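Have a look at the structure below before the remarks.
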Amino acid sequence: MTGTERSGVEGTGQAARAGGSGGSSPQKDTAELVRKTAAELGELLSAGEVSAAEVAEAHLDRIAAVDGQVNAFLHVDRETTLAQARTVDERRAAGERLGPLAGVPVAHKDVFTTTDMPTTAGSKILEGWRPPYDATITARLREAGLVILGKTNMDEFAMGSSTENSAYFTSRNPWDLERIPGGSSGGSSAAVAAYEAPLSTGTDTGGSIRQPASVTGIVGMKPTYGGSSRYGVIAFASSLDTPGPFARTVLDAALLQEAFSGHDRMDSTSVAEAVPPVVEAARHADVDGLRIGVVKEFAGDGYDPGVSARFDEAVELLESLGAKVVEVSCPHFTYALPAYYLIAPSECSSNLARFDAMRYGLRVGDDGTRSAEEVMALTRAEGFGPEVKRRIMLGTYALSSGYYDAYYGKAQQVRTLIKRDFEAAFEQVDVLVSPTTPTTAFPIGERADDPIAMYLADLCTIPANLTGNAAISVPCGLSDGLPVGLQIMAPVLGDDRVYRVGAAVERALEDRWGGPLLAKAPAL
Amino acid sequence: MKYDEALARFEPVLGIETHIELGTASKMFCGCPTGFGAEPNTQVCPVCLGLPGSLPVTNRSAIEGIIKIGLALNCDIVEWCRFARKNYFYPDMPKNYQISQYDEPLCVDGHLDIEVEGETYRIEIERVHMEEDTGKSLHVGGTTGRIQGAEYSLVDYNRAGIPLVEIVTKPIPATGDRAPLVARAYATELRELVRSLGVSDVRMEQGSMRCDVNVSLMPRGAQEWGTRTETKNVNSLRSVERAVRSEIERQAGVLDGGGRVVQETRHFHEEDGRTTSGRSKEEAQDYRYFPEPDLVPMAPSREWVEELRGTLPELPAARRGRIQGEWGLSDLELRDVVNAGAVDLIEATIIQGTDAGAARKWWMNELSRRATEQGVELADLPITPEQVARVQAMLTAGELNDKLARKVFEGVLAGEGTPDEVVAKRGLKIVSDEGELSSVIDEVIAGNPDVADKIRAGKVAAAGALVGAVMKATRGQADAGRARELILEKLGAS
Amino acid sequence: MSAITRDEVSHLARLSRLALGDDELDHLAAQLDQIISAVARVQEVAAEDIPPTSHALPLTNVYRTDEARECLTPEQALAAAPATEGQRFRVPRILDEEA
């Protein structure tokens, strides 16, 4: 066990002890508070029926009680969190006009820089790093009065689909603790699915929000690229990375997205347009007359029968709600995966070059005789995990002189073809749908040393990353007791459309199920 | 091999890459200030330190600066281009990639005309592109303080991220034995040009202009160019000339001995004017350039480019042509004025009402001499063109003579105040009071009876000795001409 | 035939500044070979006349005003450094490769 692994566990362990002894306000049922949606909590908070400190405490207690099993958090600091909550209560008491999520807790992916908590991106090479600046999204969460519960576990540098690539530990799927919670934002999905937080943040480079949301039975949204700021997001693949929200309801996801989105002059790729009306769309929940395209290529071999069945039922449901469903061919979507596994590693090989033991982070082998070059190479060999090394090597290869045109160059051309497929499709339909991921949560360890099998988890989610489109995953049922997600994709800046369709699906399915899907999850 | 012999047998081909730091208020991709000489690591932020999560945002002024340079070099400004990442590991480069431009430079296909020994050479410009500077390392331990043999290094990132423009020439053939002079003249002209644009202070000694000099040799009459070497960071105009000369001699020696010139980076040494090989690379560098995903493409509108063209000042070559005519200078005089960096100063002095001859005389003689004595650039002397013009005005009005004027300059340069203040404090007005002068002359005649007798006897030339004595007695403040008249009058020799 | 040789993998490791042992190189060589063979599929569809796309969205001309803003303090800048001396980052000796 490494030093940080211990400290990570102790962090949650401390919360456990404090929660066990302290408890919260006797009048409030903390078990009830943690099951409320963010929208409900926001209303209780603004009505003064509960304080931000009480809400935070309830969630910290929940973390203390269950995170020993779930392993969602890399870092929890009860005092820092409660201090934030008290500040929100003071702001409210002082009459400040606060947003709808003021006082609502959020679990923050460890890829966002935070000045008051360590930021490691799940890597040993950044163990214990305290950034001197807040990510734009961190700052916006604070401004909106959201209370950060802690930093969530992730695949190292967001590379993976299971959190098994975290340098610290593997997070667990609350539906089955022997299974993966998805990745890379698996700590964030697990935290929300385990009622440790009503909301969490993630980043989606190839599906790292939608796939974990899908396999844990919650909502995960990848906004339009550039719609949410990357400033202070430790980069994996800059042209693909997109921060976005996790929540248990479509409306909550929209509220969180609205809270942290909008133009950021610190991010040159940030779009100048106003944030699409996502909250309004999430309340609208109507698909009557909407044209919905089923992506023909995302079906067949490799898809769990249960996944295909739930997907087909969801499409039928949409049709029954008045949507016009057509099959759409996007012939190049099947090339998205290989293109992605050239573009993302290429960018990552460059983005991760800065971890070199010179200015921050781990330094290995500096014995006074070795050169900087040797110390860099020793540090990187020890500080990066196998998947990160694999992708750095792959990206270095794809960009090398002699191979650039055949690999990186071709992948960029495929990107153009996929863009054209999307454009052609959106001339016929308003949104596209597919399963979010071909299978349900797989057992921990099953694909750990089979990168190609692991990469297949992102098969359906990658096209939207390559072209910057908005896409969401909403729960659409169970297969063998495990959640299945429906992916809804819209054009660039069409975020409101996916919320509208997602909310309609959510409402209709919850009517059918008699409540949210997550209610079917086994108790922890 | 001796230079002349080398040139008799080989024809050099040059190429010059020049890096120029732009004098913007903030860095290329972040808001840190750019001042030279600040305490280490006081002008850094998450962006220029390359901290995880940070992102670059392009400085508009830097882009305006490079476009102005491109226009002044007669380049085409492309309609669309991207930044690219140049990937290599080096401790003074915080991200271990440099944001630069690769196959899509912002400015292409320009030229700069230079003159060497009366002949004009057109230096073709391949490209001008935008990038960012690196930090600076201090090497500790070992014997020389140099990188070789150092025990460790200390890095200051204040310079990291300062906007850097790289100007690359096309190969410059057919310069023959003038190759070193052509290289120097190009660097000189480029420096003047950029300075005139006001986008950089182009101080080679501070590193805000740095040249890398490529040299290759081919046997006379051959068609194919030889292997080139790149001599890095040549940091004065004189060194540019010396580095080219030294590389020509060295390569000629290698080729003459039947050897092969190795394509490599070389370092120039100011002390002995030689170049030495950089560390021989185990493998060729592979920079793995790719389009910078954190920055969006640049598509400078034609309106913007034309607007910037409209702001260009009169460029040095045109200006030289104009002032040569207006000031009535010979080619040689013009060259001296340009080399002394005196054009702006003289012009500003003329604008204040001084005639061209006098303005040039003061700046090129008296003040140039004092600048040399103090080891500073002419422009750095603590005196303004307005002050020079004021001194000349007093001289013209007969309030000062030449000698007194020099004393006024001395006082101004010593920080004693404006010319008028120096005149007042030092009491430097010409003695024009006839009575006072007359009595001084009487004393001088009385003190030099022998000389006086000679003059009375008709040896008028001897009057000079008495004039000298009068000037001495008045501490130079007498009008020497008037004194001579009075002496001759008093001695009946007029 | 393998897509990538063991020597190439070793070269990539040097370029990437990863000091990998022989076992790790062997393991990676096999995996990279497999991955590269799989991703080479992009060559099937990308015809010559297709322009490349480097950015998700077609934005251009994003600039900021040239204004100096507040920096980190040297203490903040150096806080996470593995070693410092005289307000500078102390680093192992540098081989003369680029400067």
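Letters A, B and C mark the chains as written, and numbering starts fresh at 1 in each.
Keep in mind that, in the parts below, a contact is a pair of C-beta atoms (placed from the backbone, for glycine too) under 8 Å apart; a residue touches a chain by one contact, two chains touch by 3 or more.
To keep track of the chains, here are their UniProt names: B = Aspartyl/glutamyl-tRNA(Asn/Gln) amidotransferase subunit B; C = Aspartyl/glutamyl-tRNA(Asn/Gln) amidotransferase subunit C.
Remember, it's a predicted structure, so these values are computed and weren't measured experimentally.
Engineer: Most central chain by CA mean?
Structural biologist: Minimum centroid-to-centroid distance belongs to C.
Engineer: I want to compare two interfaces, A-C and A-B. Which one has more contacting C-beta pairs?
Structural biologist: Contact tally favours A-C.
Engineer: How far is the middle of subunit B from the middle of subunit C, if each middle is the mean of its Cα atoms, in Å?
Structural biologist: Result: the chain centres lie 39 Å from each other.
Engineer: Using CA atom averages as chain centres, what separation in Å is found between subunit A and subunit C?
Structural biologist: Here the centre of subunit C sits 24 Å away from the centre of subunit A.
Engineer: Hey, how far is the Cα centre of subunit A from the one of subunit B, in Å?
Structural biologist: 56
Engineer: What positions in subunit A touch 2 or more of the other chains?
Structural biologist: Answer for subunit A, listing residues that touch two or more other chains: 129, 132, 239, 265, 268-269, 349, 353, 356, 358-360, 368, 372-373, 376, 396, 400.
Engineer: Of all the residues in subunit B, which ones touch at least 2 other chains?
Structural biologist: Within subunit B, residues 46, 49, 57-58, 89, 91, 151-153, 155, 286, 288, 290, 293, 295-296 contact more than one other chain.
Engineer: Could you say which residues in subunit C touch two or more other chains, in rising order?
Structural biologist: 14-15, 17, 54-55, 59, 62, 64, 72, 77, 89, 91-95, 97
Engineer: Within the complex, which stretch of subunit B touches subunit C?
Structural biologist: 24-26, 30-34, 39-46, 49, 57-63, 80, 82, 88-92, 134, 137-141, 147-148, 150-157, 232-233, 278-279, 281, 283, 286, 288, 290-291, 293, 295-300
Engineer: Using the touch definition from the top, list the residues of subunit B that touch subunit A in their complex.
Structural biologist: 46, 49-58, 85, 87, 89, 91, 94-97, 151-153, 155, 286, 288-290, 293-296
Engineer: So in the complex, the part of subunit A that touches subunit C is made up of which residues?
Structural biologist: Residues in contact with subunit C: 129-130, 132, 224-226, 239-240, 265, 268-269, 271, 332, 335, 338-339, 341-342, 349, 353, 356-363, 366, 368, 370-378, 380-381, 384, 389-390, 392-394, 396-397, 400, 406-407, 409-417, 419, 451-452, 465-468, 492.
Engineer: Sort out for me which residues of subunit A touch subunit B in the complex.
Structural biologist: On the subunit A side, the touching residues are 112-113, 119, 121, 126, 129, 131-133, 135, 230-235, 237-239, 265-269, 346-347, 349-350, 353-356, 358-360, 368, 372-373, 376, 396, 399-401, 404, 408.
Engineer: For a test of understanding, state which residues of subunit C touch subunit B in their complex under the given definition.
Structural biologist: Those residues of subunit C that touch subunit B are 11, 14-15, 17, 54-55, 59-74, 77-78, 85-99.
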